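In what follows, chain A forms one complex with chain B and a second complex with chain C.
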Partner chain A sequence: MTVASSSPPSRLPPGDTERVAPVREARARAHGDGALAALFIAPALLGFLVFLLWPTLRGIYLSFTRFNLLTPAEWVGLDNYDRMIHDPIFWDSLAVTVEYVVINIGVQTVAALAIAVLLQRLTQSALLRGIVLTPYLMSNVVAGLVWLWILDNQLGIGNEIISGLGFDRIPFLADETWAIPTIALINVWRHVGYTALLLFAGLQAIPNDMYEAARVDGASEWRMFWRITMPLLRPVLAVVLIMTVIGSFQVFDTVAVTTAGGPANATNVLQYYIYGSAFGRFQFGYASAMSVALLVVLSAITILQYRLTRAGRSDLG
Partner chain B sequence: MADMAAVTTTPTSPPSARDTGRRFSFGRAAAWTAMGLIVLITLLPFYWILRTALSTNAGLSTDPANPLPVDFTGGGFARALGLQSAEEAIAQGGSGGGLDFWRYLLNSVIVSTLITGCQIFFSAMAAYAFARLRWRGRDKVFGLFLAGMMVPTIFTLLPNFVLIKQLHLVDSLLGIALPTLFMTPFAVFFLRQFFLNIPREVEEAALLDGAGKIKIFFRVVLPMASTPIITLGVLTYITSWNDYFWPLMVSYSDSSRVLTVALAIFRAQTPQTGTDWSGLMAATLIAALPMLVLFACFARRIVSSIGFTGIK
Partner chain C sequence: MRLRTLTALSGALALSLLTGCAQSSGTGSSRNTVTYWLWDANQLPAYQACAKGFEQENPGLRVKITQLGWDDYWTKLTAGFIAGTQPDVFTDHIQKFGQFADLQVLEPLDDLGIKDSDYQPGLAASWVGQDGHRYGAPKDWDTVALFYNKKMTDEAGLNADQLNNLAWNPEDGGTFEKAIAHLTVDKNGKRGDEPGFDKNNVKVYGLATNGGGEGVGQTQWSPFTGSAGWSYTEKQRWGTKYQYDSETFKSVIKWYFGLAKKGYLAPMSDYNIQSNQANTQVAAGKAATAFDGAWMISSYKGFKGRDMKTALTPVGPTGKRATMMNGLADSVTKGARNKEAAKKWVAYLASDACQTVVGKYGIVFPATPAGTEAAAAAYEKQGIDVTAFTRPVNDKKAFRTFSFPITGYAADVSALMKPQMEDIYGGGAPISSLDKTNDQINFILNQ
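Let's look at the complex of A and B:
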């Protein structure tokens, strides 16, 4: 969502391509493509208005109502927000979500950076990049189930190894302390390769000459990482970081198939609580209010992202 | 994670001189060891799925640490595909719950194909209108699409469910596909970027030959954009195949159940004797294998086109 471009660094950015053709543009405007454009834009615009814009506005509206899906929504003003502020489970699930995001993003970013640098400095093998990406092809559900099995307390190979080494078995997903870190790491397993490839693409923009010159000066790989790679990768890293944070806040699937929010609400992440409020207790209004709260948090992060990318233009220009 | 696919068509640079003529060093050996470890952690779970799927449940509980399949059997797959009778399934540690993964496989294929085909095509049309056609309000509408990218998908799920319910499309494959059928702002944005980079001269030459703009779109622009369209298509296919939350909301019965939802139900139907791990892992493999095959077909292209630039 946040990042994309089809323009290789060497080419002109899209804006410039347009600017070089003012004459042509003026000529085209004289007899515009109004009817044709309407035809081409219609399906996408329909989808945009009906399934993106309208639901967004409606979601905000519903947060001010009492709504159980069967009877029409009833306006209740700020009641849902008032309830939210006084709902200990809401704050608890927000705290659980933040804990998840911190562990998930912390580990994933360091690991992805390490993998990206290894891929860049060690080998350019496309096969290795393909292998690193394979977990991303699995659904969160599949990833959750596989690790649920590997980490099973009685029969899982993970715990077999742990007990084989002489340690106590760890009830990874059944223990209040272990559950969130475990889920966070399962999702690192699934997403780290994709994140690494994004960072790898950022690394490709750093000219090789810089490393060659540093090597001539006798710099070690470690020193080159801190003096060349990190400063030049910073803007890319900032965007990837905040993009993954936004994704991380929306965790649901893995929780749903491994712990179902338990034990004792220890993994009741916000999105899971929202889902339960809507589809378990049919409180669509209250669920919408919590969704709006999440939207506000994510929007704040998005704004932060734009600030950081603007401020952090790469030194490469 | 939300589907923030980030793709470019930037080719990665070819192996450079720095890879050749390197002498052995302790640091490089350590780095290769780390790389080996990463590959191991990445791939071992896949082997473990296969090994478990080919074992019997009885074997799994008596010999949990055996690296090879225990009591080699195809029973897990037979259970997952509904080829066993309920008694047989229960005897082998299944639930006898009668989940039919063939059907869910078909449902997943239909939903993902429908979404990918329509979404990419409609997005490409819109992207072309934004990139190449002249019309009043173009920049404003495009700005609206860009703003739409900032709304996390997850926020639209609840209200979209209400809408799908009002349209009486709950528990249908169309209901699952509909919200992402027409476009995603990302797909429109991504393709527009690419279309902008196609040299105008190519289209103008076709115009001079008397081709209309519709013909140019199909005969010139789409073929020239085949690489990014394929990349985007594969990523969209994988994303819709793997989606769980939305189908979970919309689908209630076999008629619209997709693989991800079915897997979670399979897991929840734990028999008295404990989870049917063999059957569950077999089902998992059935759900995952098509994406592995799809990826294998396009791997080189995709791997070198996942890339990145910030929106300016």
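Let's look at the complex of A and C:
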């Protein structure tokens, strides 16, 4: 910055100034950029260290202790992990979480893909894209509460309509079999627009002439979807899947406001069990051990997904 | 130049954020201010009036009251204990007492001179810990009674006298079951005790549901288990053996949740702690009666277009009626900034001076007899008959009162019993499954 305006060395002939100066300027800019970059990275780095790295390391340490937050942690070795392996509620909550993720991600991905393709192939309307995104603007807690009231077995308008049509009322959130699918679909409703928009952005990157060429060859929309859209969207789809699966495994707020883990632990997802153990029962050591287990599961799934979907490579170009 | 300014500015910002976090105590108290937390918004004006009296008696001292909703209250209190931003004095519940005692966050109150005889029976004794020290000063009490929608009972031909003299047993349910069966009406207008009653299409349930009741059943099954002679643990306080595996308990629970199978008690699926508790079901006209606590009197009174009355709990196989008698207390935290002032405030809260003032608001029954009397008079002025709640306290011949279970590991007991009772009520788990859960609980208590 300041260097750029300094006068060139006097021994150079006037004509050479223009040739040399840019080189110096570039080097100087590189130097200045480094400091500036460090400055811009600093807040994020600070945040990463304080809010991510340190808590993670401390969480791993606490998983080897008996700790109730108020008295000093006491080292117990692998006790918490031993207890976890023998805790039927832990395995049950892991199974409930997997059921949730499968329904949530399965329905959400298919629906988001359908919306994204329709948005790309049929319309250019920004208004429609905006409408698709609206549920995402609502907080999870509000969305959960609104659906709770709509679906209430006795008083909900949803069940009033169902019984008005002559069907039996459905205890969506109060029945052990219905509760998880219901919560999964509430979250699909909230997130599908956002996921669709991410996929839509991926679709925009596919050159239009491919479709034109295919059309000239007489390919149907269906065939074009499977032969052009899907293969070329794969890297984006893979990243979206990894992100949504990780998010899905961490479901908590919707459960907390609609069912509080019930009925009879039917929606006791892992995050909720961890929360209850820590902040309800003050067993922070055990809760930390379960969090570490969740971390391991998520890491494994992410690596597997990344490998299977070859997310790092594109088929384009 | 600009770069350096930027760096300096961001550094300053980061610093101010960090120090800001460290300094904000959240309570904003000085040594002369006693911070006090409670959860019941209805009671706030009454305690503000008490605070005024206290400040007049103790010049220089101030009381700062904070009210938080039940759920936030305990979360924030926990966070406060961890961060050191807890209030000096807070309203304490028996269910949490054991846990706080385990965590050693309460200040002993032995030197306050709290005498059992100054309060309604049993209230003061509940707040003595396992170590023999007192950790709470009695504040108020509540019992449970049967709220009923008078229009519906009139239509069913049941008068107040009949409703006050119901009896039940775990075999055929007695007159109590007959009454709620008769109060149940299906979609076609058929009553629960009439031939052709459709239990799968009930329009109005005889009895509203408050869920499975976890391990306590305060407004669910405890009036029945109590009048069958059952107790939560092997001794009144700080027991180490829960008795959920007793045959008496199992027979009562089987009968009670069986009422839902017959269509008289609203099913588990109708209950939701957020959207549809028993009082909501009654307000919406979906249930004719509900067991609920004295703390709900004003809520039921406020239902628009519903004439709500109360009846005594039914007589059980022991020949007695039963209700839980639960009492709140005020506790001082170990981290209180000015313990002497905090204890003074608690002593004042536990005195007749404050409790008669609170009683006059007619929103809760204070723990001292004078306070209770003031409350009963205030309710009467509002046209509310509270004998169904006060008689269990005064008439020990006809009534058995029992306290909330007081043991260690209360949170663990609740975490195990909540899904267990829900599973019996709504999921069709066999009654015998209580044995295993009871073993798990007693294992935790004795580890």
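Following the convention adopted for this analysis, the second predicted complex is superposed on the first by the 263 of 317 C-alpha atoms of A that agree within 3 Å, B and C clash if a C-alpha of one lies under 4 Å from a C-alpha of the other, contacts with A are read in each partner's own complex, and residues count from 1 in each chain.
The rule is short, and it goes like this: contacts are C-beta pairs under 8 Å (C-beta built on N, C-alpha and C of every residue); 3 or more make two chains touch, one makes a residue touch a chain.
The model shown is predicted, which means the values in this text are computed figures rather than measured ones.
In the superposition on chain A, A:A264 contacts chain C only, with no contact to chain B.
Judged by the touch definition given at the top, the superposed model places A:V240 against chain B, while chain C stays out of reach. Of the two partner chains placed by the overlay, only chain C lies in contact with A:G276; chain B stays clear of it. Of the two partner chains placed around the shared chain by superposition, neither chain B nor chain C is touched by A:T182.
Residue contacts after overlaying the shared chain place A:L46 against chain B and chain C alike. By the touch criterion defined above, A:T109 lies against neither chain B nor chain C after alignment on the C-alpha atoms of chain A. Within the superposed three-chain model, A:W149 lies in touch with chain B and with chain C [touch as defined at top]. Of the two partner chains, chain C is the only one touched by A:A174; chain B is not. When the shared chain is aligned, no partner comes close enough to touch A:S93: not chain B, not chain C.
Of the two partners, chain B and chain C, it is B that touches more residues of chain A.
When the two complexes are laid over each other on chain A, chain A has residues 32, 36, 43, 46, 69, 145, 148-149, 152, 154-156, 257, 279 in contact with both chain B and chain C.
Against chain A, in their complex, chain B makes its touches with residues 1-16, 18-19, 27-28, 31-32, 34-35, 38-39, 41-43, 45-46, 48-49, 52, 60-61, 64-65, 122-123, 125-126, 128-130, 133-136, 138, 141, 144-145, 148-152, 154-156, 158-163, 165, 178-183, 185-186, 188-190, 193-194, 196-197, 200, 213-214, 217, 228, 238, 241-245, 248-249, 259-260, 263-264, 267, 275, 277, 280-281, 284, 287-288, 291-292, 295, 299-300, 302-304, 306-312.
Taken in their complex, chain A has these residues touching chain B: 1-9, 11, 13-15, 17-18, 21, 24-25, 28-29, 32-34, 36-38, 40-41, 43-48, 50-56, 58-59, 62, 69, 114-115, 118, 121-124, 126, 128-142, 145-150, 152, 154-157, 160-161, 164, 187, 189, 191, 193-194, 197-198, 201-202, 204, 208, 211-212, 221, 235-236, 239-240, 243-244, 246-248, 250, 252-253, 256-257, 271, 274-275, 278-279, 284, 287-288, 291, 294-295, 298-299, 302, 309. Every residue of chain C that touches chain A in the complex is listed here, in rising order: 3, 6-7, 10, 14, 75, 78, 81-82, 99, 102-105, 200, 266-276, 280-281, 284, 286, 411-412, 415, 418-420, 422-423, 426-427, 429. Taken together, the chain A residues at the contact with chain C in this complex read 32, 35-36, 39, 42-43, 46, 68-71, 145, 148-149, 152-156, 168, 171, 173-176, 257-258, 260-266, 268, 276, 279-282.
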